């Protein structure tokens, strides 16, 4: 019961702040709103019985990625979004229509899905580790470390003033 | 005690994805656009977690893990590119970055 | 023995260690070579290389002792990569290397008596030559590179003799070819050295084509390329496959073409004399003791198969004998000390093929084994002479070196005596055995030629010895002053090899490797007169040489005058090089230019490619307008695509 | 209900310790520097924190005109919130029996306890960053950026220093880690994982921006760093967040490395009230060490700080992890 209430509170928070993200013209407010969304999602993951992912969501998204965004926003001193040049309203209308269609399609798919929670669900860190380090995912897991390394090098190389 | 709000979690994920998608089209600030992409990724993640919970398997969780890694890499490289471009163009308008054509 | 140690020192592991130790040495030297060189610790590089090969030798001895202590019948065991992949019941499965259709090639080593003997020869002679190189290459700038190549060569050679399937053997085969190329051209700043390297490489390619085609044909006939299976199944071969142009015969002949390339037999022998451009220890190791015997090893390894095809056996025997005679005649007129030895090597290899051709594979391996000792000894001795002479290789400028470099002289005498076939030295046993088998096989023509070759061998080797060590010094005052004995690090391998050349014949290798050929060990009951004749045979060559080059040199001049046309042919090496050059220049180059370049390349290939490119260009001109440069338009396209795709999936 | 009681209890205790801490720090520093320190309000000046609190509470709220008002107000709240979030999963003493039930002085016993703390500390960056940016002053901005960069860097070392401990205990649950150290002081991770403990202590000092790592507020260069523009209660909240963080890392260090409530000597009891005694003593010791450092060491230069974090602490922590992993695999610890 209390879980359900918490879920709807966090869901409302997530959705509301997501709307703020795209409704804002100030990048920094968008970032703040996004942080709220991410933290709410972390709580929702916890409510869905996935503590490991919940914590990772906080560490990676809230603790690292968003700080990076804030840094860049502060560094570039991003102000209000300027409205110069063409509005490209045709693009926006097309995008709106297509998004609506996608929404309907995905809704149709989701409604068909089996959504009764399975009994005996265990997503503890221990189980996650067993899965991640099993032969099935081990290569992918190691590959992600290469990916991270590559992106570190790439980011440094790109952002450096004079190579 | 199993949560019975999984369908709603799926709807929420759909909503977040759509909001992010719309944001990509509505916002012109490239940093905001990147944030909207993160929002879309999060919508997908939520769907993964919800399905994982519904089916009682961990594949979804593992995928979320990988998505997180990719998102981190994407943000790092993406923001580095933004900084690099900003240095040349002195603007953050997505439509200003249109040299890569024909 | 404690349990873990026992597990490590089992037959499952030791051969792998033998194989991988030299590779480890190479990797270290190749990766950290620059660093070693910068720190002026170059001696360390050589010591490391020696240590890996020496350790590999120790382990091979251990392996061989263990192998021959096994009960009879368990000898030929094929071992697989240990514990890499486990089957359902925990059984060790062979780790698969190539799997395509019906072709299944595991990473398997074939570890029977034959490969053990070969590994012993490779690591034993190899480690001695490594040690010798410490002294010989002491003043070269590129020692680190040299030793890394040498280690790599040892690895590939071991892979060649231990590989359990034809393709794995082929990897070793190509690997030693590569190392040979690298080492012949080791002093690549010298044009002739890099040319010689290229020549060796290209001539070997011709043979390798035969090897590849032969392997493919073998797979076609037998459905397997596993060496052990081939030896086991050869007996069940259908007679029609064995006719004059039957597939099995053709496969054998193609494989023999590969052997000809690697082992320098007619018509692919031309590269070996030029290969003497490499450092002398390399000539000793690669171009005398080990790599060039790979062809003999391969033919012997497939002996049960060759034996089924009378045509193939005849070709092998005839080519071997012809090569033996041809090379021996050329050796008589050579003046370069290393070239004499090179032709001698070709000649001895011909002997081995003769033995193969008459079905005495064990004897071929026996001769390979004794030859490794005395030919390595002779090359290293020649190296010591060259070292003493400050790089001079022309025998006409030597002479009278006996007193100046006594140790080299002493060991060289032993080596010459062994190769000439002086009774009770190693060469006597193996050569006598080959002659006996040749006689026994009923091919009297071949036997007579082989006999003549044996006499010629004794003659030209004595000539070499006498010209170099006896008589007066002919190189001038200054050069004479310079002559000095080599350091101990070079002499010790010489002494060890001399002992080996003298005594190696007392080990009955023929019997030891017999199980590998799927037939019992036996001995030809040759005519007793042959055994008696063998006592005299070497002296039929040595005494004329003594008179012509030491006692009565003026007779030589008079004798030579009427023989001028013959010696000219011999000096031109039977015109093989000119023939090949002419063929390449006239036919290959002109044909390539007229047909392949102007028509095939310029018209057909380029035309196709250009046409394709023009087509793509035309299409691209129309498609490119989609690229507007606006990121959000792309996103819109992606979104549209996703919607269409999902719609299609939902609808269907 | 029980949880609510625990929350109230732990919160009250922590606030008391926070208050005492400010007083103790000033007194101890004063003794180290041959001064007296605050000794007027109450016996030995023990009421000084209360006096300070009252003073700060009644001061005028000042918001700079050019500041981003909402963010400016939110920053101290974020700081305190992240500090408070971490204390919820820490155990503060041994399990004990009261009213016929088994109790543990811990609000939430998470299976991912250590990870959760890592997540929450990573959120701690936001307070300084927001405060620094919203004040719209170059000193605060630089202070905020420095602070967040420093926290970023040392968080890595901090997290890595835990990994060895987690591997040995085989669990993320803090209670399990404490239990794994039962026995004697030679079983404590501070002994078994000495390099990790050293890394942890150094990184924790940097994480809570104590001397010698207090560069974000280095007053000689940046006035007072990210909270230059803050006054009255908002300033008090930053102070509170700082001290709460300090207590958190002290408690965490005690739990992870110093054997928690275990006495360390087999013949000394460690259950019940004894356990609380040991625990409090150890936490007090760590807190005293923080104060002692402040009285002893000068401040790092900024590049030294970064170099030290990336080139010394993180490699040491990684090597420790490798060694621990090898030991776990080889000896099945």
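Think of it as A, B, C and D in the order they're written, each chain with its own count starting at 1.
As a working rule, a contact is a pair of C-beta atoms (placed from the backbone, for glycine too) under 8 Å apart; a residue touches a chain by one contact, two chains touch by 3 or more.
The structure displayed is predicted, hence computed values, not measured ones.
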A-D or A-C, whichever has more C-beta pairs in contact: A-D
Distance from chain D to chain B - Cα centre to Cα centre, in angstrom: 34
Euclidean distance of C-alpha centroids - chain C vs chain D, Å: 71
Distance from chain D to chain A - Cα centre to Cα centre, in angstrom: 29
Between chain A and chain C, centroid-to-centroid distance (C-alpha), Å: 63
Overlap residues in chain C, where contacts from two or more other chains coincide: 630, 632, 635-636, 639
Junction residues of chain A, two or more chains touched: 52, 56, 64, 88, 91, 95, 99, 102, 106
Set of chain B residues in contact with two or more other chains: 21, 25, 95
Full enumeration of touching chain pairs: A-B, A-C, A-D, B-C
Residue ranges of chain B touching chain A (in the complex, touch as defined): 1-12, 14-23, 25-29, 31-32, 34-36, 38-39, 42, 45-46, 49-58, 61-62, 64-66, 68-77, 79-84, 86-87, 92-93, 95
Interfacial residue positions of chain C with respect to chain B in the complex: 624-625, 627-632, 635-636, 639
Sites on chain D touched by chain A in the complex: 71, 110-112, 115-116, 118-120, 122-123, 125-126, 129, 133, 141, 145, 148, 152, 172
Of chain C, residues touching chain A in the complex: 630, 632-633, 635-636, 639-640, 642-643, 646-647, 650
In the complex, chain A residues that touch chain D: 28, 32, 35, 51-52, 55-56, 58-59, 62-64, 67, 70-71, 74, 124-125
